[in-house]
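Letters are used for the chains, namely A, B, C and D, taken in the order the chains are written, and counting of residues starts over at 1 for each.
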Amino acid sequence: MANSNIDPANESLRYEYVKAFEQPDLLIPNTWIVVRIDGRGFHKFSDKYAFEKPNDRRALDLMNAAAKAVMMELPDIVIAYGISDEYSFVFHKSCALFERRSSKNYSKLVTTIVSTFTAYYVHFWSTYFPDPGMQLTAPLPSFDGRAVQYPSVQNLRDYMSWRQVDCHINNLYNTTFWTLIQKGGFDAKGAEKELAGSLAADKNEILFSRFGINYNNEPEIYKKGSVVFRDYELVEPGVSEAIDEDSAKTIEQKELSKTQEEKDRKRRAKARITVQHVDVIKDEFWQRRPWLLSNKPGKIPKEI
Amino acid sequence: MANSNIDPANESLRYEYVKAFEQPDLLIPNTWIVVRIDGRGFHKFSDKYAFEKPNDRRALDLMNAAAKAVMMELPDIVIAYGISDEYSFVFHKSCALFERRSSKNYSKLVTTIVSTFTAYYVHFWSTYFPDPGMQLTAPLPSFDGRAVQYPSVQNLRDYMSWRQVDCHINNLYNTTFWTLIQKGGFDAKGAEKELAGSLAADKNEILFSRFGINYNNEPEIYKKGSVVFRDYELVEPGVSEAIDEDSAKTIEQKELSKTQEEKDRKRRAKARITVQHVDVIKDEFWQRRPWLLSNKPGKIPKEI
Amino acid sequence: MANSNIDPANESLRYEYVKAFEQPDLLIPNTWIVVRIDGRGFHKFSDKYAFEKPNDRRALDLMNAAAKAVMMELPDIVIAYGISDEYSFVFHKSCALFERRSSKNYSKLVTTIVSTFTAYYVHFWSTYFPDPGMQLTAPLPSFDGRAVQYPSVQNLRDYMSWRQVDCHINNLYNTTFWTLIQKGGFDAKGAEKELAGSLAADKNEILFSRFGINYNNEPEIYKKGSVVFRDYELVEPGVSEAIDEDSAKTIEQKELSKTQEEKDRKRRAKARITVQHVDVIKDEFWQRRPWLLSNKPGKIPKEI
Amino acid sequence: MANSNIDPANESLRYEYVKAFEQPDLLIPNTWIVVRIDGRGFHKFSDKYAFEKPNDRRALDLMNAAAKAVMMELPDIVIAYGISDEYSFVFHKSCALFERRSSKNYSKLVTTIVSTFTAYYVHFWSTYFPDPGMQLTAPLPSFDGRAVQYPSVQNLRDYMSWRQVDCHINNLYNTTFWTLIQKGGFDAKGAEKELAGSLAADKNEILFSRFGINYNNEPEIYKKGSVVFRDYELVEPGVSEAIDEDSAKTIEQKELSKTQEEKDRKRRAKARITVQHVDVIKDEFWQRRPWLLSNKPGKIPKEI
């Protein structure tokens, strides 16, 4: 090409029409955006590395470490929730707005989360699985993801509740299933049959009466999943104002003053990101942490 | 929850309506799909690790190694093309069809590519940057991506040509720019000014007359970028049939017999994936490698 | 075909794959959907039928009649707003939900509105333009349309306010422009020049001081546009509850009992559809007509 | 508002953010676009006006008249195909390109077709149903529609074949069904039962042996549906060049010279639009009318 009489800049013009095939895929402003990622083929992957059943604490800690790192890099995420090999990241409806307006779009948002999460998952692997026999080899772990838009706080909270109820259902099942196998002498098929059609109460009963296990005493991380968020001082119940659906409106119209935005950014950067295994279904969690829904950073707790 | 009188399975039903907010994002069948990924903030990233200018061979080799690994894991990709911190992966219009019909969708396709590429990029980093001072630290490298659909072979080839012409334009500019700085004593601003408005011929002239550099002798990997594909025996020019736009049609209608598909899969798995730095703009590249556009695996070359 | 040995049902199977090219285009649940339609080439159309300037009352009445008919046929529309040759139809965020869940989608919603509106516009034409010289001839009037989703009540109200402010801006301009021409002896270019850069106050002043026209006394239909909705008994200011963003939530979760839904449908069918020329920007309009945002039918006013 | 101290132009700015909620919905260039419209609730509608069974010639002629009018107004449509209360309009992949590039989008395309068709359907109604008892009354006929993109000529032709095979299947069934009722003394249930599981040959046999009807002698309009296109001189079989998938490419790259485009437009405008009831499944139809796929207007036939 270099010797061609045609200048390559003109050559480029000839092909540039292909850019017109790119479809815009903007997100709707003023919606809560949830990006949920899932491990690809993690059943096989967990076999390859002999993950402990029903829960492998190292694998969950690795997921949580990667999720924390994602939240460090993307301060627009207000909360994340993880169970098993899946993680949901929530962008505040007002904050992400500015990015959505400009060039940010669906593809960019989803792929950025997926890529950043994957990078840390692979990077941190040897910290959580230091055994030399556990080194990562091809095929490497990877994740797919998608974004969903929720118009109201209630929709968002119901999404979070849905995932946490799922966590509970799966963990109760898996705990009982693997106890039957590991302590009850069942094989997989037998355990499956034993549990077919059973209700939650039945599984609790099996665990308690046959194996002396009180499911309530199981570790919270397994029962509740992992909730990741910026840690500010908790607000007394009753003190916090009602969630204001239209707080975002003010932001849309006035657009936050640059100084206020800068201040908020700094406070957010100072806040410690915490991983907790708590109930997100009841109101209390959200009422005591008003910053999650308001997107206004709270008070940094005093260190003791 | 475990003690609640309400069975969590019913609890789950209450929240499941949130699934209805997920939007389907299917791809149109019978189109060539190009997933292009780009390094996020790689200008800053390349500064952090002091990448050599204008090209860092180690960084390009790492990109190529990650791209090869992606193609190993996703046999539906027929060809990939990389320059700098970007890579384009091409799915054949007929082959990917089956996946598009079922549950595969835009999000899944793009995030799978981005995640798999990122995983290998991070994993192979220390192979290409073994120096202890070069270990990866946060923020880690990551990539975003998007998919574009091209209806015709000509559109696809024009896309590939567009990227390769871009590679040439950028590399000629960068080579001249950095030579002015590294050997000509210019600072960045001065070099920029020197090159403002210059044509390709001007830059060739600057390199040759001032610095004795013949741009044509620069390494092909910098001038042409990297083309990744499965390696079969080349076909003699003229022997190959014309590209048949509607070959895919037969596939759509009859659907390949399972046995044929199985055979093709095995042949593809045997094929070596090669990285070459060759012209993809002229017809010759495509005529001698008919399997790229036909998606019918060629002959495995005899090893000597 | 009829004589073919191949049964046409099998023949059909051969081609049915083309259905896979149809892309789903669902709307996000729990959003306010606004379908706005616009007259295609109405500048030319209004010339052809010599519409009066700046406003042709017959043309506006025809638009309103068509809009009312659309609302009669589609009871899920809670309010509509029209100016000039455009009309916006608003679907309640909760009510339309059921349709969105099933097979209803973006295309169906938009095309149904556009088609129904067009049908009545053409059908009612001769009622509003009975003059034999005004009979419709090809090219006939037609409309295009698009749907926009608004997540919050505030977004929806801001949309309505935006259209009504636009109505005011356009009408003040057009009234002054045409007065300059019709009574001031200006030609179009001269009038345009006279108004360039003028503020609202300037235009009011021109009308008043030069032509003795008090803009405030202009007909409300021209100044405010047309608001179409079901007419129930107005609610005393202060009595109505605050707008509850999450009223829809209950509906989503419980789904209205069939009987309640049936009752609502009947009450809605009984309600008279009214066209008014009132302010929709201030709170009062919405507070006194709580059924618009709650989607719960109000009390049918007693006939006297 | 007029008296407010705030200029309404500023007021408008406050609300204009709502425009950001409009999602772009561009079509992919270089694809064949089919807009298919369907009568809404035409089962009920055909009962209301007592359409003749199995086919009402007046209703079909009205559909065809409306389709012809649509093609007159939108010269980018190359061919249309109608059966019963549905019509498909095909935009050429190259020609529509220019519109797709600019502001034209999915919504505009679909709603324009649907609205124009509806306008003519209502307008021409009294021509085809002149009986005073047949005057249109609310609810008026209306249509919904959607667009589908086909990447290749083969996909497009398979779409057309699919609709025509469907026409044949439906008409053979309906003809037999209604003959059983009208001449065989069956009621609807009985006729349905009689035909359950029957093949095409069986239905032909029923018609012939019981009622002396040779299905092949039925009118072509019922058996083949209606094909609408611009009429040029037919080309001798064998003379026409092979369909060139990539003819569009040249257009994309060079963009037709303005003069050529202008010439083509004029020739298209001169061409008569014809409605024929012919086979579009076999190659012959397309080979003898090369202008349909090439989008280059043919020779205007000499009038005799």
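Here is the rule we use: contacts are C-beta pairs under 8 Å (C-beta built on N, C-alpha and C of every residue); 3 or more make two chains touch, one makes a residue touch a chain.
Keep in mind it's a predicted model, so treat the numbers as computed, not measured.
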- Message: Regarding the chain A and chain B pair, does the interface count as same (over half of residue numbers shared) or different (under half shared)?
- Response: same
- Taking each chain's centre as the mean of its C-alpha atoms, give the chain farthest from chain C. B
- Task: Averaged over CA atoms, how far is the centre of chain B from the centre of chain C? Could you give it in whole Å?
- Result: 48
- Message: Nearest whole angstrom, what separates the Cα centre of chain C from the Cα centre of chain D?
- Response: 28
- Message: For chain B versus chain D, what separation do you get between their C-alpha means, in angstrom?
- Response: 41
- Item | Contacts with 2+ other chains: residues of chain C | 14, 17, 21, 23, 28, 30, 149-150, 155, 158, 253
- Using the touch definition up top, name the residues of chain D that touch chain C in the complex. 1-3, 7-9, 11-12, 14-19, 21-23, 25, 37, 40, 69, 72-73, 107-108, 110-112, 114-123, 136, 138-150, 155, 158-159, 161-162, 165-166, 168-169, 172, 199-201, 204, 215-216, 223, 279, 281
- Task: Under the touch definition given earlier, write down the residues of chain A that touch chain D in their complex.
- Result: 14, 17, 20-21, 23-24, 26, 28-30, 101, 252-253
- The residues of chain A that touch chain C in their complex are 28-31, 93, 149-155, 158, 245-246, 248-249, 252-253
